[in-house]
Amino acid sequence: MTLTCIMLALLFAGGSAWRAENHWQGSAKWLALIALALLATVFAVFVMSASNDFAQLQVLSRVSWIESFNIEYSIALDQLSIVLITLTWLLAIICVLVSWYEIQSNVGFYYFNLLLTIAGIIGVFVAVDMFLFFFFWEVMLLPMTAIIAIWGHENRQFAALKFFIFTQVSSLLMLVAIIGTGYFHLMQTGQLSFYYPDWLLLDIPLSISQYLMFGFFIAFAVKLPSVPVHSWLPDAHTQAPTAGSVLLAGVLLKTGAYGLIRFVIFLFPQASLQFAPIAATLAVVSIVYGAKMAFAQQDFKRLVAYSSISHMGFVMLALFAFNSTAYQGAIVTLVAHGLSSAALFSLAGMIYQRIHSRNLTDMGGFWQSAPRMGGFALAFAGAAFGLPGLANFIGEFFSLVGAFQVMPAFTIIAALGLIGSAIYGMVLFQTSFQGAAKQDIIDLQLRELLICGSLLLMLLAIGLYPTLLLKFSFGV
Amino acid sequence: MNVLLASLPFYPFVSFLLLIFFGKRLSWRLAATISVSSMAISALVSAILLFELSVTKNQVMTANLWHWFELSYAMGSSDVNVRFYLDGLSAVMISVVTGVGFLIHLFAAIYMKSDVNFSRFMAYMNLFIVAMLILVLADNLVLLYLGWEGVGLCSFLLIGFWYQEQSNVLAARKAFIVTRIGDTSMAIGLLLLFNSFGQLNIEAVTLLAEQANSLSAGTNAESADNIYWIALLLLGGAVGKSAQLPLQTWLPDAMAGPTPVSALIHAATMVTAGVYLIARMHGIFLLAPEVMNYVAWLGALTLLLAGIAALAQTDIKRVLAYSTMSQIGYMMLALGAGAWTAGVFHLMTHAFFKALLFLTAGAVIYALHHQQNLFKMGGLLKKLPFESSLFIIGLICLMALPGTSGFFSKEAIIAQLWSSDTAGPMLWWCAILGALLTSIYSCRLFFLGFLGKARFNENVQLKKSSLLRTSLIILALLSLFGGLIPLDLTLVFSSVMNLPLAQLTEPTWLHTVAIITPFIGMVFSWFYFKSYRISHLAGKEHILQPNNGRFVVFCRQGLGFDGLYKKLFIMPYQWLAQINKNDIFDQIIMLNAWYVGLWHDALVLVQNGSLRWYLAAFGLAIMLLLGVSLL
Amino acid sequence: MAIASNTQALFTMSMVAAILPQLIVAFGATLALLLVAWRRSQRTIAIFTSVVLGMSLLVNMRLLTMPAMQVTQLLKVDGYSSFAFSLILISALVALRMSHSFLKAHTEVHDEYYLLLLLMVLGGGVLVTSDHYASLFLGFELLSISLVGLVGYHRESVYSVESGFKYLILSATASSFMLLGIAFIYSVTGNMSFSAAIPNVIYHQQGLGVFFQLGLLLFVSGIVFKLSIAPFHFWTPDVYQGSPTPVTMLMATVSKVAMFVVLLQCIVAQRYLLLENFQLFLLSFAITSMLLGNVMALKQQHLKRLLAYSSIAHMGYLLIVIIVASAQGLAFTWQSTLFYLAAYIVANLSIFMVIALLQLQGNNGLYQEDITRDDLHGLFWRTPSYALLMILGLLSLAGIPLTMGFIGKFYILTQATLAHAWWLIATLIVGSGIALGYYLPLIFKMFEGRSKASDKTKATLGPKVGRRIDKLLVYSFILLGLVLGILPDIINQFIG
Amino acid sequence: MTSIPLFHVLILSSLLFVIGFIGVVARKNTLFMLMSLEVMLNAVGVAFIGAGSVWQQADGQVMFILILTLAAAEVAVGLALLIRMQKKYRSLDIDALNQMKG
Amino acid sequence: MLANFASIDSLFYLAGLVAVIASLKVVTGNNTVHALLYLVVSLLAVAVCFYLMGAPFAAGLEVIVYAGAILVLFVFAVLMFGLGADETANAPQNKNVANMFGAMFLAFALLIEIVIIINNADLQQNLQANVIDSKAVGIMLYGPYLLAVEIASFLLLAGLLAGYHYAKPDVTRGPL
C-alpha cells in the first residue's frame, strides 16, 4: 500500500510541480526535490520498519484489476528491487539537481515528466503481475521519451524516436511471451494467470520455455542494451538532456538487467542455461565492441554511452554464468555503473553548460581552469575503467571471477575489455582535461560539487566496503 | 594487529588529502612541510617496523584493517580482506619505498618549488607512496592489484603532470595503457588462480600450490597446467609494470614527467613492482620452472636490448631510463634463475643509486635550463663539481665497480646464474655482456655530459639548498655503502631451500671475468669515445653531433618496438575504430528504416490520385487473389 | 429453404423493442423531413438530430444485456450488435457536435446534412444487426449513398467533387462486386441468411468449393473495401482528405464499426474460415494492410491522410482476430473485436475532434481546409487540452499502455498467440514498429517550440478553446480515454 | 419452360459484369463510367434472377428489385455530382480529378 | 414442344448475345446518345432474358424502371450538358488506347478466371421451368422482406437528398 501511495504521490507531486511552475516561477524544482527526498525517506522508513528482511519476494498487495484476464494489481519487494529502487531514488535526486539550471523552458512539465518516469521505474521494480509489469515498463518509457524529445539536444526527436521504437518493438515480443506464459498457465492449471509467483511454480517443458524465454530476453537485451540491438543507446544518451542521460544510464538500463534476472533467469532457468552460450557471446561482444566503439567517438556523451554498453556486457556475462559470485558481481556492477555513468553524464552536462559543446575536439586543458572538475572527471573515468577501490572494480571483478568458473574462454576475452576501457577512459579524460587549454571554464559550483562528491563517495564506499551491498543475498 | 603497520600508508594519505583539498590555499612552505614530513613519519615508522620485525619470532607481522569482501567458488568461499602483511621481503620494499621516497620528496620539494601546481605534484607523490605501500603490504592479490593499479594511475598522473604539452599527455597515456595490458594479463591470472585454488591470499596460495604439487607429484596434469598458466599470466603483469620485453616501450617515454618522478616511480619503486610480484609469488613460480626460464630469458633479453638502446640515446634521462630497464632485466634474470635474494638485493641497491643518478641528472638539467640533450652539455665536471661527483658515484655503482653497492648485488646475481637450473651459462654470458654494455654506456654518458668543453652558452643556475644537498648526499652514501646492508630473506624464500639444486661445476674464472668486465668496458670507452672526451682540445666541437646513422637511430628508438607495435596494434585498432565509426550494427538496423522509407516512396507513386487506376487496382487485386487461389 | 412466407404476425412487440433504436433513428429521419418543411433552422434541426440520436442511444443501452433476438430473418439483435450500435451512435453524436461548428462556418442551409447523417446512422444500425445478405447489402448501400452525400458536402471545397466522385464510383464498383459475390453464393447455397446452414457440398466438392470461394472473395472484397483494407484501400486517403472532418470522423468510426461487425457476423456464423482459400485471402489482406498502411503513413504531411493510412493498418490488425477465430473461442473473438473497435473509435474520435477544432481556428480564425503536421507545431504549449487529447488518441492508436489501444492490442495478441499465428504476430510487431515512426513525430511536433513558463502571452498565441460544450467534450474524452485505458473492465462487462 | 443451365446464366452475367468493369476502368468520360456501372449492376441482376430461378425462390427477384433501387439512387447522386463537376471543372474528364494523391 | 424449347433456349442465348454486344457498344462508344441507346437495347435484351428465366415481374421492372426511368435520368443529364450531337471539348475523347487495352486485358483475365472457376464448379443445376410470378415476389416483399423494402425507401431518400444537395444551385442565401 505504501508503495502504491509513493507512486501516486510522485504522480501528484509531478502534477503539482507542473501547475505550480505556472504560478510561481522556480517552484517546480524545489517541489520535485522536496517530494523526492520526502518520498525516498518514506520508502526507507517503510523498508527499515518492515518485519522481514526481504530475502524472498514479499508480496505487498494484490488487488484484482482486469477480471476478464485475471490480471491483478500486485506488487512485491525483495532485496534486489530494494537496491535498485534505492539507486533510483538517489539518481532521481541527482537528476533534479543536475537539471537545476539546465532546464530553462517548460520547467514545470519537465519535472512532471521526471517524476512520472521515476514512478514508472519504481513500478517496474515492484510489479509482480506480468501485465502490470509490462504496463509500468511502457509507462516509464513515455515520459522518458518526452524528456529526450522536448529537452534534448539538436537531434533529439530522432533519438527519442529511435529509443522508443527499439524498446517498443522488443517489448511487444515480450508481451507475446507474457501472453504465451499466461496461457500456458491456463493450459496447465486451468486458470489464466499473470501472477509472477504463480509462474514460478509452472513446469514448462524446455521446448516451449526456450521460445518464451527468448521473447523476454529480447526485450531486456534491448534495454540492457546488448550488441547488436544497442544502437538506440548512443543516440538517446547523446541527445537527452543531462538528467535524461543520467536516468537512462543510471536506472533505465538497470530495468533491463532486472528483467533478465527476474523474468529470464529465475523464471526459465533451464532455457536460460541452454541459452547461456549465446548470451555470453553477445555479452562478450558487447564488452569488446562497446569499448572499441567508445574509443572512436568524438562526442563526450556518446563515448560514455558506448562505455555503458561495454559495462552492461559484464552484467549480462555475469548473469548467464549462473553462480552466486557472478550474480553478486552483476548487481554490484549495476549499482556501480548506475553511479559512475550518472556521474560522467552529469560531468558532460556541466561541461556542456559551460562550453555549449559535447565535442571532445572542442575540449582540452580544462584542468587548468577547473581542477576540481578535472579531479572528479579522473575519478569517474577511473571508475569506468575499473580502478580498484571504486565500486565498478568490485562489480567487474566479481563478474569475472564468477564467469571464469563457468566459461573461462569468454571471460578472458571479456577481460580484454579492461584494456579497451583503459583506452577510452584515457581518451575521454585526457582530451578533455589535459593538453593545451583551449578555453577557460568556471570550476564546479557548490551544487555541482555536491552532485559529484556524493556520487564519488558512494562509489568509494562500495568499492572499499562492498559488504554494504554484498551482505544481501538477492534471492539466490 | 599492529597499529603501526596498519597506519603506515595513512600518513602520506592524509597528506595527500590535505594537499588535494587545500592545495591552492597552502603556501609552498606549508605544503612542502606536510608532504615531506608525512614521508618522514612513514620512513620512521617503517624503520620501527623493521626493528620490530627483526625481533619477532617468525619475522611476520600482519594488520587486518577491515573485511573487504568474500568470494565464493564451487567448493566454498574465501575472504578477501584489506590486510597488511609484513615479512622480510615487504620490509625491504617498505624501507626502500619510504626511505628513498622520503629523500626524493625532500629533493622534489625544493626542485619543484617554482611550479604553480606544486601542491598537486606533492599530493600525487604522496598518493603514489600510498598505493605503493598498499601494493607492497597487501596480503592478498586483490589488494595488491589495487595498489598495482593505484601506482599505475599515479604514474600516469605524474608523467602527464605538465599536461599542457601534448607529448607528455601521450606519454602518460602510453604508459598507462601499456601497463594496463600487463595488468589485464595479471587480472586473468588472478581469475585462474582463484579458480584453481579458491584463494587469493598470497601465503595461502603459496601453501596450497605446494600442497597440490606435492600431493599430485606431477600426475595431475591439469593442476600443473594451471600453475604454468597462472605463472605466465602473472609474469605478464610483472613485465608490464617493470617495463620488460615485450611491454617495455612505455618507460623511455615516461621520462616526460618531472625528474623526481622519474627517480621515484620510474627507477626506484614502481617499476620494480614486477620484480616484487614475482618474488612475492615465488611459490607459484617455483612450481613452473618453464616460466622461471622465460623470466630469466626475458630479463636477459631486456638487459641487452636496453643496454644497446642506451648506447644510442642523446637524452640524459632516456639513457637512465634504458639503464633502469636493463637493471630490472638483471633482477628478472636473478628471479628467473632462482636467485631470489640477490634479485631483491639488486632491487634495493638499484633504488639507491638510480634515484641518486636521476636526482643528480635532474639537478644538472635544472642547472642547464631544462636542457636534456647530452650533446648540448659537456664540461660539467668543472662547472658543477658537486653534482658531478655525486653522478660519478651513481655511475660507478651502476657499473658495479668493486666495493660499491651495485657490485655486491650484481655480483650476487651473476654468481648464481651459471649453476641455476632455470638459467645456465648462456644467460651468464648475457649478464656479462650486459655488464659490459652498462659500463660502456655509463662512460659514454659521463664523457658526453661531464668531460670535454661546455657546449652551451647560458650560465648554469644552481639551487643552493642544504636540504637538497643533504638528500643527495644521503643517497650517495646509501649507494656506496648500501651493499653492506645484510639482507637475509631466507625465511621468506624458505621454500627455495627445500628444492634440491643441481650443482653445476663452476669454472674458476667466472668471478674474475665478472669483476673485470666493467673495467674492460671503461677501457674500451676511453678510447672509443675519445672524441666525446676531448672535444675541447681539438677545437671542433661543432662536429660533435649525434650519429644519425640508420642503425643508431633504430637503436635510439628502442630497437623499433614502438614502430612495430604501432603498425601491429595501434594502427589496426584506430583503423578499425575509424572505419566503423558509425557503428555497423546501427547502420544495419537503420538500413531497415531506410528500406521502409524506400517502400514508402515507391508506394506513394501508386497512390497517384487517379480514380481509374484505383479501379483497375481493385480489379487487379481480385484477379491476383483469384489467380493464387486457382493455382 | 426459402424464407418461409408464413402468415403469422411478422412483428411482435418484442421485435419492435429490439430494433427500437434503429426505428427511432428512422422515424427521426422522417420527422426531420417534416421539421424541415416546418422551419428551416440549423439550430432546430441540429438539436432535433441530437435528441434523436440521444434517445436511440438511451434505448440502445437498455438492449446491451438483452438476449439475442431475431427480427424477421433479416435482422438479429444481440448484445454485440447493440454494443456496436452504441459505438456508432456515440460517434455520430460527437460527429454531430463537430459538424455543427463546421457547418456554422459555412453560409448555407444544411438540413440535408443532418438528414444524411441520420440515414447513415440508420445504415450502420442495419448493418450491425443484419443477419441476411439482403439487409447487409441495403445497410451497406444506405451507408454508402449517405456518405457520398456527406463526403462532398462542403461544396466550396476544392476537394468536394473529387472526393465525392471517387467515393461514389469506387463504392458503387465495390458494391457491384459484392453483389456479384452474393449472387454467386446464393446460386450455390440457395439461401442468403447468415444463420442458415451452408451445404456440406461446398466443403467436399472441390470445384464447387472454389466457386463458392470466388463468391466469397467478391463479397468480402466489397466489405473490405469499406474497411479500407489493402489492396482495396486506395480511396481511403483521398476521401479522408477531401471530406469535411466530421464526415471523415464518421467514415472512420461508423462505417468501420458497422462493416467490421457485419463481416465478423457473417464469416463467423457461416464457418467460412474453414475454407482454405478464404484463410489465404484474409491472411493476405491482413498482412498487406498492416505493412502497407504503416509504410504509407510514414512520411505523410497531411494529418487526415495519415490517419487514413493508419486506419488501413488498424483494420489489418483487427483482421487478425477474424483470421484466428475459432468456433470455441467465439465469445472471445467478439470481445476482442468489440473492444478493439471501441478503442479505435475513441482514439479516432479524439483525434478527429482535435483536427476539426483546429480547422475552425486556423489561419486568423478562418476555416482551414488542410491540417498538416506543421499545424500541430507547439500545440501542447498553445492549447494543452487539445494536445493532450490528440496525444492520447495517437498513443492509443500506437497501442501504448495507459490507453485503450493497448488493451485492444493485448486482445489481438492474445488471440494470435493462442492460435499460434506467429507470422501475423511478427507482421503486427513490425507494423507497430513502423507505426511509431509516424505517431511519435506527430506527438513531438506538438511539443516543439519551447515557450518559457513566464511567457504570459501564451493565451493570445494559441487559438481560444472553443465553446463550452466543445471544451467539455474534449475534457470528457481525455478522461474517457484514460479511465477506460486503465480500467478496461468497464467495457469488458458489456461485451464479456 | 426452359432448361438453360445455370452455368450459362452465370457466364452471361460475368461477361456483362466484366464489360461494365472495362467501361468503368477505361473510360475517361464520367458519364460513361456511370453507364458502365449500370451495366455492372444489371449483370448482377442477371445472376440473381438466374439463381432465384434455379432455387425456385422469389428472393432472387427481390434482390433484383433492391438492386434496382440502388441503381436509381446511385444514378441520381452520380448525375448530380456530374453536374457539379461540369460546373466546377468545365469538363467531364475523370482524370481532372486527381488533386489528392500521395 | 422440343423445338419450342430449343427455340426458347436459343432465344435466351440470342438475347444474351445482343445484351453483350450492346453493352460493349455502350462501353466503347464515343457518342453519348448512341451509348445511351445501346444501353437501352442492352437492358431490353436482359429483360428478355429475365422473362425467359421465369421472372416476368423482374423483366417488367427492368423495362419500366431501368430502361424507362433510370435511363431517362441519363438523358436529362445529357441534355443538360448539351452533349447530344457532338462530343464537345467538355467530354474527353477516348484516345488512350493503351488504357483501354490495359483495362481490356485486366477484365479479360478476370473473366477467364471466373469462367474457369465456374466451369470447374461443375454446376449441374438448370433453371427451373416454373415461373415465379409477381404474386410470389409481392408476398416476399411484403412478408419477410418488409424491412428491406423500408430500408430501400430510406436508401432512395438518401439518394434523393445527396442528389439534391449536389445539384442545387450555388446561390448562397446566407445563414438561416
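The first chain written gets the first letter, and so on, giving A, B, C, D and E; residue counts start at 1 in each chain.
The rule is short, and it goes like this: a residue touches a chain if its C-beta (ideal position, glycine included) is under 8 Å from a C-beta of that chain, and two chains touch if they have at least 3 such contacts.
Only a predicted model underlies this, so the values are computations on that prediction, with no experimental measurement involved.
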TODO: Count the smallest number of chain-to-chain hops linking chain A with chain B, moving only between touching chains.
DONE: 1
Open item on the list: Which chain has its C-alpha centroid farthest away from the centroid of chain A?
Closed with: E
TODO: State the pair of chains with the top count of C-beta pairs in contact.
DONE: D-E
TODO: Would you identify the chain whose C-alpha centroid lies closest to the centroid of all protein C-alpha atoms displayed?
DONE: A
Open item on the list: Centre to centre, using CA atoms, which chain is the farthest one from chain B?
Closed with: E
Open item on the list: I'd like to verify one number: the distance from the centre of chain D to the centre of chain E, where each centre is the average of its C-alpha atoms, in whole angstrom.
Closed with: 6
- [ ] Can you check how far apart chain B and chain C are, centre to centre, with Cα atoms defining each centre and the answer in Å?
- [x] 77
Task: Separation of mean Cα positions, chain D and chain C [Å, integer] - done: 26
TODO: Can you check how far apart chain A and chain D are, centre to centre, with Cα atoms defining each centre and the answer in Å?
DONE: 64
Task: Multi-chain contact sites of chain D, meaning residues that touch two or more partners - done: 6, 10, 14, 20-21, 24-26, 28, 50, 52, 54, 56-60, 62, 66, 70, 73-74, 77, 81, 84, 94-95, 97-102
Task: Multi-chain contact sites of chain A, meaning residues that touch two or more partners - done: none
TODO: At least two other chains touched by the same residue of chain B: list those residues.
DONE: 604, 607, 609, 611-612, 615-616, 619-620, 622, 626, 630
TODO: If two chains touch, include that pair; go through all of them.
DONE: A-B, A-C, B-C, B-D, B-E, C-D, C-E, D-E
Task: Residues of chain B defined as touching chain D within the complex - done: 604, 607-612, 615-616, 619
Task: Contacting residues of chain C [partner chain D, same complex] - done: 2-3, 133-134, 137-138, 141, 145, 148-149, 152, 155, 158-166, 168-169, 172-173, 175-176, 179-180, 182-184, 186-187, 190, 192, 237-238, 241-242, 300, 305
- [ ] Could you pull out which chain B residues touch chain A in their complex?
- [x] 20, 24, 66-74, 82, 120, 142, 145-146, 148-150, 153, 156-157, 160, 163-164, 166, 169, 172-173, 176-177, 180-181, 183-184, 187-188, 191-192, 194-195, 573, 576-578, 580-581, 583, 585-586, 588-590
TODO: Could you pull out which chain D residues touch chain B in their complex?
DONE: 21, 24-26, 28, 94-95, 97-102
Task: Complex contact set, residues of chain C against chain A - done: 335, 381, 395, 398, 400-402, 406-407, 410, 413-414, 417-418, 425, 428-430, 432-433, 436-437, 440-441, 443-444, 447, 450-454, 487-489, 492, 496
